[in-house]
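Following this line, the structures themselves.
Shared between the two complexes below is chain A, which pairs with chain B and chain C, respectively.
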Partner chain A sequence: MSAVAEHTVAEPRLRSGAAFDIARFAVYAILIVMAAVFLMPLVSMAFTSLKSMDEIRGGNLLAPPMAVTLDAWYSAWGSACISVDCSGLKGYFYNSIKLVVPAVLISVMLGALNGYVLTKWRFRGDDLLFGAMMFGCFIPFQIVLIPMAFTLGKIGLAGSTAGLVLVHVVYGVCFTTLFFRNFYVAVPDELVKAARMDGAGFWQIFFRVLLPVSWPIVVVAVIWQFTGIWNDFLFGASFAGGQSQPITVALNNLVNTSTGVKLYNVDMAAAMITAAPTILIYLFLGRFFLRGLMAGAVKG
Partner chain B sequence: MASLDIEHIGKRFGTVEVLKDIHIGIGHGDFLVLVGPSGCGKSTLLNIIAGLDTSTSGAIKIDGKAVNHLEPKERDIAMVFQSYALYPSMTVGENIGFSLEMAGMPKEERRKRIAGVADLLKIGHLLDRRPSQLSGGQRQRVAMGRALVREPKIFLFDEPLSNLDAKLRVEMRTEIKKLHARLGATIVYVTHDQIEAMTMATRIAVMKDGILQQFGTPADIYDRPANSFVATFMGSPAMNLLDGEIVARGNSTALRLDGVQGDAAILPIPATADPSALTPGQKVTLGLRPEWIAEPGTGRARDVQSLPFTIDVLEPTGPDIFLALRLGTVEIMGRLPADAQVREGETRILDVDYGKAVLFDRQTGTAIYAAPALSRAA
Partner chain C sequence: MASTENPAGRRSLLPKFVLAPSVLMVLVGVYGFMLFSVILSFTSSKMFPRFAFSGLDQYERLFSNPRWSVAVQNIFIFASLYIVLATALGLLLAILIDQKIRAESVFRTVFLYPMALSFIVTGVIWQWLLNPGLGIERVMQSWGWESFSFKWLVEPDMAIYTVVIAGVWQVTGFVMAMFLAGLRGINGEILSAARMDGAPTRKIYTRIIIPALRPVFLTAFVIESHLAIKSYDLVVALTKGGPGYATELPSTFMYTTTFTRNEMGLGAASAVVMLIALAIIIVPYLYSELRNERRG
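Entry: the complex of A and B
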């Protein structure tokens, strides 16, 4: 972002007085149009959520609200009916938090540990093990549904938040392991050797030497896991019992609860509430995301 | 301070033998340099001494006690790495104090020790910086500080100067040598730079292909190389190797050089060699160091051979001139003082200090020395 901004400011000044640059104009025109196309659904959602039902019926999808009202947001949060229970998304939002926070923390932590062991404490067959874990990245959600349901039932976690956390950790650890292994491969082994000479043990090397330099990849793993788990619908719908359902499942139920008139403004507000945390995560950590993805890429 | 014994160390990776029966012993305060071309196993040997790698056979003994089964931290050894391996997230002070912290030393005592080492290395003003804010030379000092602060029995250095520019390398070389003199510490130092080896060591171990070629003092290694590899590896420009053959002359033997015509081809057997170990017809190699060649009348050598050389190229280096010479068809490097009266293209007589010349068996490369006592008498 900042690089683009610098160019737009610096370049025209250098060429002041030069002929109008048609190519540059075309590039910006295309970029603006594309940005508008991508923003349209979000704008439409935001506008609709701020209108009253009367205005929605009378106006057009992209028209800004004439009389702004937050009623739909209050309703979606606290009083909209989800099947028979009319208390909004509030409870399910907390369900998702209670699910996502431990699932992200555990899967990122395990991934970091795996990456550490697979690169710095090499053992016989480690590449094979890593290959097998990578296999997990390519397994579609649907394939693990039945074995997972069976396992959760056997260990007594069926229908609970803890069970859902377990599912997401198991599924996510393949990805976080991949991230951290590829990051730690680029960290010199001599760092670990030096720490061993200095008397640090397995955990001290991990927490004191490696983890403090891992923040770029921690950010990547957290964003990846957070968006993945927050947005998940299939596992949530399959493994969570009624009161522990995550917000994505609740949103679906809210939109599909059809008694009487369809409240588009409430649906849109609910959808935006559901999407808000992932948008916020990107806003706050996004700048580190790209840096983290690129880290180690050049060192080969 | 401690003694270190490397006893019959062998190391295998699968079927590849990277170290073969390495046997070296050094005493208190010795500065041992392990030198050899890349891939000779010197760094592996250092890692085995440190406990970061295990040997397949043999034992490492510190002060006479085997430490094979001990973890690196239990061996009371500190190591300076080629890449310095400073912890990026810690300040210089934290880097230096990390080992003390791991050992559970109280903070106040730690601070004193860190300050003491920082003073010694003149990095006191850098203690609050992070490694990324330091220059190469400063990082090098911090890496040494991290080793010094522990006051270990033995210091290990793994090519510590190879990432520095030429000028800084010479400075740090002197500094490490001073430090060694001051602390009287036992040091094992790995390098592929023969000048570092010669200048710093009290003992040198030359290695090649996992085999110890020669172990001795720098003077031993330079003046009495055990084989033609050691002879050419140590010294720059390298020792000249001239192929020849032992021939009968009267009732004794002489050396006839290949590729040389006339009288100049026949030379006596060098005084360092054992004539009784030579038989006519034996293929040998004569080793002559470039600096043993001098203008007639300027050398101090007593045992001189005067030979006609053609001067092909002169390479002035400042203090010296390197000469690309030809004796018959054999190419030889010579080294004369900068004020030597020589011109490119001329053929002239130069003196060779023949008293130091070394004879090698051409097949095995092994030097053929007379017994030490005899060579001294000569």
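Entry: the complex of A and C
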């Protein structure tokens, strides 16, 4: 946890005298062109979702809609066909919320407690344990798909939201532990010692000393888990039943459900509905996320 | 890194009790399940696990399977281009953004937002943009470039490169953010000293700044290769592994083999190979990270 500041000193405003203006122009030119390339897919998606199919067939995917219509949005939300069920994404949107909220809360709480124990109540072998947990962050999930499918079946959680919550907690706790552990390492042990002198116990130290200073890393962990779980497809496709499928699985099915004509405007509206929660979170909280994440991830 | 060694702490069972559920989850969910998959890969399991030991049969079948060869070839093409392009573009954008520019936060936001999207959303968008009939091809033609042709999405030899395009678009902002954090962490005094000595800008970058970013290159490489090997959703949404099985990756191979073709032993063997490939990259990295930390 070094250099948390967003604008640290480093001043590579490396100007080179005479060529300054041209260099400056080049910097902006490249940035603006790149920004246009990066924005193009989003813009095209938004435009397309507001057009009628006639306009799409006749026009250009970067042209703004001439006659704006929300029909595709209504359809994607409430009446588009996903396999045989023609009631749009709305039910799946709620499925994802019912999945994300408990999975994020549980995994972040566990991560905070683990980070606290691993840094302030150290014991023999804790580093090894932490290393073993970190490896869990990086495994290809294909290696656990088959055993997890059987385990969920054995404990009666196959095809349920509760089962999917459990899966996301198991593989999310590695990351949240990593975040909190790296954050708490930088909290001076003296604070903990002083609290202990005053007779504070395990829980009091956690709630009164550590938790109040933890909000930067709580934001990181919550955003990380929220986007990761909301955007997950592999676990959702593998373990959710028809009624508990998350929105990413539904989006993929919607796009692949062909009822004759391909409705690109509905596909794009559905993609935007799926992307909306994470985009909004990113727009409003992204700054805090990056600040915290970079401080933890890029040391040295 | 100071440790809190106090007698009360060592004796108390409460902290270990608090840690226990997570340790149990990781022990079973990561290591137990890994072992389970390894064992399955040595059996002739089809639709259900059968513990009839079959030696290395599944691995022999795997390595002689044409779909798997295509998947392995594709992961090398995809991962190397993805890593090189995302790193180069990310570094370039970070350096440009670091030139005390106006509206820095707007640029950062624009480059970063794809990171917030699901790979399924990314796949759906790019499938639309790269659509031979209505996509970018049509745009170029309507702008007067009548002969413009861009059909990679439906050409077996080129389809894997569409996955690279979409993947790079999604991850570059994240790599940029890592490099930007690295640039902002470089000691300003060294740079001023170099400038005082009259070193030209280009030299300052090639001799001082880029070498100082070595740890960021390493982190970026590890994260990118991890994402590349795990890539599954993007291919499913963009090409469904097609045309034919031209864009098959190990991850999609594992899934269809296990759950669609009911070849569980073979699927498990492919997952084990993926795990080994990733471990070769991750384990040394984690080991050196944890060691540096202890020394630091």
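Assume the second predicted complex is superposed on the first by the 273 of 300 C-alpha atoms of A that agree within 3 Å, B and C clash if a C-alpha of one lies under 4 Å from a C-alpha of the other, contacts with A are read in each partner's own complex, and residues count from 1 in each chain.
Following the convention adopted for this analysis, a contact is a pair of C-beta atoms (placed from the backbone, for glycine too) under 8 Å apart; a residue touches a chain by one contact, two chains touch by 3 or more.
Model, not experiment: these values are computed from the prediction.
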Touched partner set for A:Gly136, first chain B, second chain C, both or neither: second
In the superposition, chain B vs chain C on chain A residues touched: C
First (chain B), second (chain C), both or neither touched by A:Val117: second
Partner chain(s) touched by A:Gly125 [first = chain B, second = chain C, both, neither]: neither
Partner chain(s) touched by A:Gly153 [first = chain B, second = chain C, both, neither]: neither
First (chain B), second (chain C), both or neither touched by A:Leu31: second
Chain B versus chain C as contact partner of A:Lys193, first or second or both or neither: both
Which superposed partner A:Pro64 touches (first chain B, second chain C, both, neither): neither
Which superposed partner A:Pro212 touches (first chain B, second chain C, both, neither): first
Which superposed partner A:Ala275 touches (first chain B, second chain C, both, neither): second
Residues of chain A contacting chain B in one complex and chain C in the other: 193, 196
Of chain B, residues touching chain A in the complex: 47, 50, 52, 71-73, 77-79, 81-83, 85-90, 98-99, 102-103, 146, 150
Residue numbers on chain A that touch chain B, as the complex places them: 188, 190-191, 193-200, 204, 208-209, 212-213
Contact footprint of chain C on chain A as seen in their complex: 2-3, 6-16, 24, 27-28, 30-31, 34-35, 38-42, 44-45, 48, 56-57, 60-62, 110, 113-114, 117-123, 127, 129-136, 138-148, 150-151, 169-171, 173-174, 177, 185, 189, 192-193, 196, 202, 227, 230-234, 238, 248, 251-252, 255-256, 264, 267-268, 270-271, 274-275, 278-279, 281-283, 286-287, 290, 294-295, 297-300
Chain A contact footprint on chain C (complex, rising order): 1-6, 8-10, 12, 14-16, 18-19, 21-23, 25-26, 29-34, 36-37, 40, 49, 92-93, 95-101, 105, 107, 109-121, 124-129, 134-136, 138-139, 142, 169, 173, 177-178, 180-188, 191-192, 195, 200-201, 204-205, 209, 215-216, 219, 226, 229-230, 232-233, 236-237, 240, 250-251, 254-255, 258-259, 264, 267-268, 270-272, 274-275, 278-279, 282-283, 286-287, 290, 292, 294
